[in-house]
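In the two assemblies presented below, subunit A is common to both, partnered first by subunit B and then by subunit C.
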Partner chain A sequence: MTQEYQDGNALAGPLAELFAVDVTAATGRCVSCGDTRRVADLRVYGHALGWVARCPSCEHVMLRLVRAPDAAWIDLQGTLSLRVPLPPA
Partner chain B sequence: MSPRLEWRVATLAGVRQETPTALTLLLDVPGWPGHVPGQHVDVRLTDEDGYSTQRSYSLAAPADGDRVELTVQRVKGGEVSEYLTDTFSVGDPVELRGPVGGWFVWHPSRTAPVLLVAGGSGIVPLMAMIRARRQARSRAPFRLIHSVRSPSDQYYASELRRATRDEGGLDIATVYTRSAPTGSARPPRRIGPADLELYGWPPQFEPTCYVCGPTGFVEKVANTLVGLGHDPRRIRTERFGPTGD
Partner chain C sequence: MGIVSPGFRRRRRDDDVQLPPGQYLTEDFPVLSAGPTPNIPLDRWEFVIASETGQEYRWTWDELQELPAEEPTVDIHCVTKWSKLGTSWRGVSLDLLMEDVETTADYALAHSYGGYTTNLPLEDLLDGKAWIVYEYEGSELAPQHGGPARLLVPHLYFWKSAKWVRGLQLQEFDELGFWESVGYHDYGDPWREQRYAGD
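Entry: the complex of A and B
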């Protein structure tokens, strides 16, 4: 893989359009290698309208996001689970 | 819960030159909701044909009412940064949304020691933390290690000099990678374990470490910190890619 990536912090804005909580602080488990990583630490390729976020351990695609003018697609088939920190209920 | 994220129109109110290739943009954003140091904004440019592109930039200072500050490093071939540093003029509008990002942040109520490690323009979100610490009169022990190519690439140089003199509990070290000021004991070279040991905190102090810079720099520093015994759970990182744009 090339070094041409940012990290998951760059997804904070695009994901905030879809979710009420800050997903970059969540921890995701990779389908491929089972490692758990902050979404903020994923390797993000591409920007503005189409992003691919890969597992830093094995480079498996964990999240894909496409923003069209009137809709967004999010593909999480590479993410087994997401643990989202919340304030105490 | 945050209020719904929306694009707002910001107006450029002023500019500060930070280095030969970096500017701080002072922007007025009506209705700005405030932010936490370390958070960033998305900036969107749209041309007359409707082609639109966006990038994410760190906020450089705590919010002051509707006024926010972004420091933008000009990147050759970076379509957003070239516009913002070359063409964008006082009075011009730009679309902005935020604040976003809840991971790479420091809350001024925290009292634990903090280690900030910046590569080049990676200092921007860390500077917001240093400024917020001053504003809150926090006593949290802070250390900043800033890696820059040469003395002319130092950001916020005079403000940081004043801050180390006037603000107790804030230490700042600059390490040079290409050319150091005359008389420096340390020859120019990339940041390494010795720098992080000398200018950082011992792992036993359990500092929260914030590392921001180009991808390669962040990987190296974060791995070195872990090697020195710092708990990976207390290391927070932000990478902006090799181009910074």
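Entry: the complex of A and C
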């Protein structure tokens, strides 16, 4: 049986189109259970109409991404904050 | 041997059938899911229609099974561009479930076990256009395809046919559902190719 979900590294390609930094290396806090996880460690359901990334602890939706031919929609209302590692300023 | 073999059957090809614009024909039944497949014990399953005044109409699994069933055979069209023709289902018409529901609502938000939602005008669920189905091609509906029961609204893109359906919230305003709130079309008519917001 096909694996239901992939890990968050599956988001690296589609997110690279929108953001200058590698968002999969960022750490997100789940709005539902408060757990912090690297985006790369989220559970990504990509066999759908878009990418749906869920918290591995409570399965709450932390990120949704839809790619239309001429636009993309991203929803982060399930992510309380995103810590993006950056080189020292 | 005669010119016409009695065993001959004309096979339906892509160019024999009219598909909505941008769709291709598939014989498979692809599984698209936005989350884990919920496990819903039938003794705890229920379907609830909640009106805009807060009144609730409930059916247990056994009560649903006791209602007169219909067996629609319909074409289905997924917004990811596959279409599947002549799919056969068994379930209960929404007309029957809505028969005693008092409402003046114009919209419905379908809710599923697992948290999925999708929005539709209420009139698109009535007049023989929608069912709560629990069998597919003569067998019980498999969990990956929305079992034990799913909404079937075949005249709209298939994301509107919510898997694992557990109820309808009737309301006077249009509240966007799971995919409609991140760019998919509010209505989703495959014949007008309403895939994304603004199409």
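FYI, the second predicted complex is superposed on the first by the 83 of 89 C-alpha atoms of A that agree within 3 Å, B and C clash if a C-alpha of one lies under 4 Å from a C-alpha of the other, contacts with A are read in each partner's own complex, and residues count from 1 in each chain.
Following the convention adopted for this analysis, contacts are C-beta pairs under 8 Å (C-beta built on N, C-alpha and C of every residue); 3 or more make two chains touch, one makes a residue touch a chain.
On a predicted model such as this, the values are computed, not experimentally measured, just so you know.
Aligning the two structures on subunit A places subunit B and subunit C next to each other without any clash. Look at A:D75: by the touch rule set out above, it reaches subunit C but stays clear of subunit B.
In the superposition on chain A, A:L86 contacts neither subunit B nor subunit C. Contacts of A:V66 after superposition: subunit C is touched, whereas subunit B is not reached. When the two complexes are overlaid on their common chain A, residue A:A48 makes contact with subunit B and with subunit C alike. When the shared chain is aligned, subunit B and subunit C each come close enough to touch A:E4.
Taking every C-alpha atom of subunit B against every C-alpha atom of subunit C, the smallest gap after superposition is 7 Å. Touched by subunit B in one complex and by subunit C in the other are residues 4-5, 47-48 of subunit A. Residue ranges of subunit A in contact with subunit C, taken from their complex: 2, 4-5, 45, 47-50, 52, 54, 59, 61, 64-66, 68, 71-75. Across the complex, subunit A is touched by residues 1-2, 5, 40-42, 52-56, 97-98, 100-104, 215-216, 218, 236-242 of subunit B. On subunit C, the positions that touch subunit A within their shared complex are 30-37, 79-80, 115, 159, 179, 181-184, 195-196.
Looking at the complex, you find that subunit A touches subunit B at residues 3-7, 9-10, 12-14, 16-17, 20-22, 24-25, 38-41, 47-48.
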